[in-house]
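Working notes, beginning with the structure itself.
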Amino acid sequence: MAVAELKRPDFKVDVRPDWCPGCGDFGILNAIRQALANMRLEPHNVAVVSGIGCSGKTPHYIGTYGFHTLHGRALPFATGIKLANRELTVIAVGGDGDGYGIGAGYFVNTGRRNLDFTYIVFNNGVYGLTKGQASPTLVRGEQTKSMSEAAIQDGINPIGLAISSGYTFVARGYAMDPRGLAKLIVDAVRHRGTSFIDVLQPCPVYNDKQTVEWYMGRDREDKQRRVYQLIEEGFDPVVRDPSNVDEIVQKKQIALAKSYEWGDRIPIGVLFQIDMPTFEDGLDLRRPDGSKGAIMKQAAPYQDFSSVLGRFR
Amino acid sequence: MPLNKLSWMIGGPQGSGINRSAEVFARACIRNGLHVFSNIEYHSNIMGRHSFYRVRVNDKRIRSHVDSVDLLLALDEETLLGDVDSPYPTHRGHVHEIAPGGGVILDSALGVSEEQIGRDEVQVFAIPYADLLKEGVSRAGLEYNSRRHDIMRNIVSVAASFALVDMDTSVIVDILRQQLPARRAHLVEVNARVVEATTQFVKDEFGTDFGFTLESLARDSDRMIIRGADAVGLGKLYAGCSFQTYYPIAPATEESEFLETVQTQFPITILQAEDEIACINMAVGAAHGGARAATSTAGPGFSMMCEGLGFAAMTEAPGPVVCLYQRGGPSTGLPTRHSQGDLKFALNPGHGDFPHIVVAPGDIQESFEFTFKAFNYGDKYQMPVIVLLDRVLANSFWAVDEISVDGLVADRGELFSENGAANGGAPYKRHAVTESGVSPRSIPGEPGGLFVTTSDEHTDSGKISEGIENRLAQMDKRMRKLDLMAAETPAADKWTLHGPEQADATLVSWGSTKGAIIDAMRVLDEDLGIKVNFLQIRLMRPFPAEDIAKVLDEANKLILIEDNYSGQLGELIREKTGIDIESKVLKYDGRPISQNEVEEGVAEAARVGPVRLVMSHP
Amino acid sequence: MAVAELKRPDFKVDVRPDWCPGCGDFGILNAIRQALANMRLEPHNVAVVSGIGCSGKTPHYIGTYGFHTLHGRALPFATGIKLANRELTVIAVGGDGDGYGIGAGYFVNTGRRNLDFTYIVFNNGVYGLTKGQASPTLVRGEQTKSMSEAAIQDGINPIGLAISSGYTFVARGYAMDPRGLAKLIVDAVRHRGTSFIDVLQPCPVYNDKQTVEWYMGRDREDKQRRVYQLIEEGFDPVVRDPSNVDEIVQKKQIALAKSYEWGDRIPIGVLFQIDMPTFEDGLDLRRPDGSKGAIMKQAAPYQDFSSVLGRFR
Amino acid sequence: MPLNKLSWMIGGPQGSGINRSAEVFARACIRNGLHVFSNIEYHSNIMGRHSFYRVRVNDKRIRSHVDSVDLLLALDEETLLGDVDSPYPTHRGHVHEIAPGGGVILDSALGVSEEQIGRDEVQVFAIPYADLLKEGVSRAGLEYNSRRHDIMRNIVSVAASFALVDMDTSVIVDILRQQLPARRAHLVEVNARVVEATTQFVKDEFGTDFGFTLESLARDSDRMIIRGADAVGLGKLYAGCSFQTYYPIAPATEESEFLETVQTQFPITILQAEDEIACINMAVGAAHGGARAATSTAGPGFSMMCEGLGFAAMTEAPGPVVCLYQRGGPSTGLPTRHSQGDLKFALNPGHGDFPHIVVAPGDIQESFEFTFKAFNYGDKYQMPVIVLLDRVLANSFWAVDEISVDGLVADRGELFSENGAANGGAPYKRHAVTESGVSPRSIPGEPGGLFVTTSDEHTDSGKISEGIENRLAQMDKRMRKLDLMAAETPAADKWTLHGPEQADATLVSWGSTKGAIIDAMRVLDEDLGIKVNFLQIRLMRPFPAEDIAKVLDEANKLILIEDNYSGQLGELIREKTGIDIESKVLKYDGRPISQNEVEEGVAEAARVGPVRLVMSHP
């Protein structure tokens, strides 16, 4: 190449994803890259943080700062990096085992905090990387390929959990709809506060129940696709008046009801959204001088250090 | 009779205000130019169980407690005689600890007789608390109201103590004046009257019979009274730490609570997380994000941090600094009691071989200083740093003249931007294999420094790799940083040989036992004729094996002193040097070793030779 | 005493609780003892399992088998002991920090499992034993006595979480109503499946907001107590037809709405109940020979052990 | 040319069926009376990354692999030449590993030329897979359909290999007949025809040029082919374990998956929990509840179990048994690769001093036997027991003649009911202080045995107590049980000195390296003239320090062999005996040490004296 063309970053890298052919993760990856490009973010101002699992490999495939952390711990890590440098756009990603199994405690408690970042869960109903055990979203009675017996535990409802935990943006996406998903991600990232997207993700290797064919309704007589956009139905997830408790509860109620819609019709899109003070806002209130706990590349002894010694005299 | 040497103790139910009394007492002594060391013992309970607070006063600097009590202030009968009649008795009270010639102050309303106390050589000072309160309140022109005024019982206790030992009680009022918030300033006057009434009563009733005396010395107004937990917090502030996570746990919480009180003043974020796994991973995230990050916990919480520590080491995070406040283990154990039982765990805190640093301060200045240095270590060697503290170091009030910041300069290690040019345009490699092992680090937000890193084994660019040659290169380079750290750290930071070069016996220990040992050394030498020196080891990993072996080889008798069951430092020393310290003075009853226990243990070990001595003063 | 009277066990012991005077824990303790006595359970067939906290000390004060475990781990322990011996009546108890903070992951995932035991959370809004820090139920903006700043995180909604996790009996109790609470506990223990009761518990020492006075409405002009019994309002929490998804969702919706009722009126009682197969039922399906994985005091080599070796030849 | 000695390897992308081929190949060899050891290497990936499977065949019993390959079966080009052209290359392929005179089988459709392979002394056997499949299918009277029939490529591979080494291929069909489920029995015929066509092609094309030959030996129909994970599972079943928890993790999952397949047959509950903290605490709960309880995990999961282990020890739970399958660390590390890097962590797995047992089996029989014994240890000494396993032990297929249950008798330890009478009506004390340290335990459900226990320090009745005397009594009695365990356990269970009493060098190691060491010993002696014996240490805690010191003191040269970076056993030995084994043969590239690496390392260490050798065959 003679002249390097200055072009908009596409967030691609030189590493080929090692996901299986047909894996829904490709769709989510593309949607994230697309969303970042659409928002015209600069790669160095973005950090993608992941847990462990097939899904956990995502940061390796996106041209931003990337942290492939521990199984179940993406949210605490994301919390730390965001608070260290609020200028960063932080996106946490991970599997459903990662997020709702081993990470369930962080899923719940991150919701309360309302830090300004986005969490995307790759929900494939299985533990992919460990070869297909049931994940916490697999429902009672279901038996995927590599299970020796059908599930005897119920599946949790991620949307319901998110709403009860305090997430201020709660949505569901579908991996095979990268365009729609990219848009959802843009909305999530732009939302002020913790935004959460549960993405239905086919795992062609281990989940032989929730397959692309199934989501598309190819098994149905009428061949009607199961997933549909909430917006098409005129569903309104947004709390207009965040000080109106009745409105909040009512919006949470309908979101909960929608989240249980499953089987023949599966809604995707934003289920709940509200504008609330973020954790950062709360911190700033404590520190009225406007110093926002910014990144400190060069630690210098704080100027007024000696003043604090006075307390001990 | 003893002048300016007093072992004072106040005991009573948890929640009855003994802390307040003891802290006013200690502060007042300092105001009067004396030195103090004061530590509390209490149950894992909010209200009701027996607790007691020791304040040892001296005209010379002291760093430890002694088991005997010169003046006991008993707020209830249990403090005197224990709970021997309860279905699950735990102690025999403190009367038996009183030194011959010592005394007991108690509320005459308790109705405890001298016979019950049963010690002829002990003086009993019964004080009519209620009457004195009433008297004081009315002198202040108010009407006595038990709900409102009983809180001043503390002040009666302190004033009575001071009066007995013939110390100027006005300083008590000065302290209250300083400490009471403006909106409660009117209370100073009432307190002053109570002090007055109490002083007068004590002088009238008991005269100067009590032989122990405290005398005001030239006032050194700058002396501080401070806990290890505060010193650690100050170390973090001075190091520029801007992110601290914690999950409440004794005895670590105090540090975070101190930091919370200054978060409006300094650009530091203190986050109470949902558990310790969150704490460590948030801290690792913040460290990678560019902050100097830390977390603090005790054993049970640290047990949750293993994976996060390995993760920090694997991804070469600059830190975080993890302060581990040891308490009585195992398991939930003795939550509010002391121990040095987590050393070996801190040395092996996760699966696989990975580098990390463990440093153990022994007093207030070291707590401050090595917390500060821990951030430099983290940044320079890109690995987690554990600062090992413990209950008595953290929560005891020590009198110190100064916190010295001499020579403490922040060093954030090799940064990518400084080396960017040298790269010659080659893509940045976060885990570049270098001779030193250190790879210049970039911080998210840096335009040219994009990288991915992972808890999986990875290439120099941070990509997952299971390749053999890469694995060896990365493994070796990570571990190599420990050698670098060892080489760059001055021996004076790693260990100190206190006392004479030549001695009959060399005491070997670490951490907070330093106080009791230093205090005991003079007595051992002067009173017991045993000349000792003391090897204090501070850097536990990388372990200064050669230095230590040399010191130990040159020593005569070796005596290990530790507040744990196994003699964990002894095991470490043997692992690294082959040297077996056969004489061990150990304590693991949940209480810190006292100066006199060091004396007793060392004397005994010196006398009988190789022996395992378990110290305890029930 | 001359003749020992044979009497119904009252589940009392010779250890005095070391809770603070006026602590709501006393009320809960009495309610549990009362419930056990009312059910005429035999002390040796009951195991009370707790986490760590003021609340965690409860097993020491009840005359049954008792396990005072680790902070946040009462539910896994209870799961293990129940599966080891299904004949035991197992009651897990713990604080709100214990259950919804450090234990949130187990709270969520235990709900999915529907094992036949009861979980009672002492919800006092604070971490009592560690001296009054905010617990996960403390709401944004609230500042209790020992906090240096007001909370900047939202409180989670335990009822909503329970419903979304799959608990089949979800209730709220009030510590100062031991009689009502005892009844609730009896219902919970008798329920087949995992029953959960969030108990509002005043902590007079550290929570100076949700005090007994407050719950009783003594600060209100009309002096109306805030807590009220759902049943008085004719609230119907029970799913009649567990195969009817619409009914389930509708009952979950109204339970969620009720759970957000707070402030002037605070409902207590059962919020949701459904009859679903338990985890034990599922295990039994796997083992059609009827051997129910019973307690094995004397391990003997399984008879047909050698048959399984054949697979490897 | 070599008879009945073959190092065979198949390589290809993950998910391309190499496991199936290798396992049929190995099983077929066993059927033909030979011994095998076969192990796989694969990435932490589901489909696509390079993986390979070794099957080593021999007429004598073998327990390890060798690095050289006699016959390589390459399903893709990467298997031959590596991924050197990729942006983050990880390996150079396997051509360079082929022994002179060895061969490569490949699909002619790959289009790889002999020049590319570039080794004159290696024979290349290009096989037209597609043609042979078509031929076979049509011989079976069917029409070829790639989607349906390409799965038989595996069978082509195995048949071609067998044909080349002149082995009877009919056994392949026998195995398929046995393994295919009834509903797919019709496939046997098609497979048989494919085998036939392949055999014929190979014989016609290559004759008996290839010098390596496998000959059927007297058929020992009882020989088993089994993995360590299965042997552990069998040990649990035989011990009467009725409760196992797990959270999926390589390489531990296989054991639980095996147990899941038998849960309809045995009264055992296998519970996949939400994480490892749940796993350990459920298991502790079940142990207290009366079950023999267990959990299995790898390093990252074990890192979550620290608090639960201390809790089990503190409450004197009978167990649980925790199987720790080591893999490449630190952190997530090399999830599917091997290591022995968790020993020191397993020895110090929590805060505070508490008793637990760590035992490390070295082969299939030991995996079975010590898993069984672990339950006895747990019940008798009422503490958690860690069984240390690793990736290669767990997941390799070993040929063994028998699993012996000789002398294995379940012992549930002292139970309350048996001792109830002796109590004389006194209330039962769960943590009674006894001379042995063991307190007879009662199991919930027992009418007279009511107790409460707690992770807090407690009285003999299990009540919380912070009393000093009680603390010492409980602490001492808990730790005393380790002495009892040490005294009651036969030395033969703790360690074994393999080989001659007197030797030039004593190799010291533990765990799965046993296989490679035992295999290497004969070669070292016979071919290299170095007479060695081998001290295998099995009981890591309580450590048999005196025994080991004696053996080491009597030895000539000492050489430590471990699959980890630090030589962790060496550190333990020095800690406990003071003896420093200076010569270390270490491997930490994520692959198990091979027989030839043991030979090379030992020979070199014997030659040059004290040295740290890092083995690796990239």
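Observations, loosely collected:
Order of writing sets the chain letters: A, B, C and D. Residues in each chain are counted from 1.
As a convention for this text, contacts are C-beta pairs under 8 Å (C-beta built on N, C-alpha and C of every residue); 3 or more make two chains touch, one makes a residue touch a chain.
Please read these numbers as outputs of a predicted model, since none were measured by experiment.
Set side by side, the interfaces B-C and A-B show unequal numbers of C-beta pairs in contact, with more at A-B. Farthest chain from chain A, judged by C-alpha centroids: B.
Chain C has its Cα centroid 38 Å from the Cα centroid of chain B. Chain A and chain C have Cα centroids separated by 31 Å. With each centre defined as the average position of its C-alpha atoms, the distance from chain C to chain D rounds to 42 Å.
Contact with two or more other chains is made by residues 43-44, 88, 263, 274-275, 300, 307, 311, 315, 331-332, 454-456, 463-464 of chain B. Residue numbers of chain C whose C-beta contacts span two or more other chains: 15, 52, 70, 101-102, 104-106, 108-109, 136, 149, 283, 286. Against chain D, in their complex, chain C makes its touches with residues 15, 42-45, 47, 49, 52, 57, 59-60, 63-70, 73, 75-85, 87-88, 105-106, 108-109, 283, 286-288, 291-302, 304-305, 308-309, 312-313.
Residue ranges on chain A touching chain D, taken from their complex, read 14-15, 18-21, 52, 54, 70-72, 97, 101-102, 104, 127-131, 133-134, 136, 148-149, 205. On chain D, the positions that touch chain C within their shared complex are 221-226, 230, 234, 237-243, 245, 262-269, 271, 273-275, 277-293, 307-308, 311, 315, 375, 403, 405, 408, 410, 412, 415, 443-456, 462-464.
Remark: chain B residues 43-44, 88-91, 298-300, 302-304, 306-307, 310-311, 313-315, 326, 328-337, 339, 341-342, 344-345, 347-354, 454-457, 459, 461, 463-472, 475, 479, 564-566, 568, 571-572, 574-576, 578-580, 588-591, 614, 616-618 touch chain D in the complex. By the touch rule above, chain A contacts chain C in their complex via residues 100-109, 111-114, 136, 140, 149, 152-157, 159-161, 163-166, 245, 248-250, 252-253, 256-257, 260, 276-277, 279, 281-283, 285-286.
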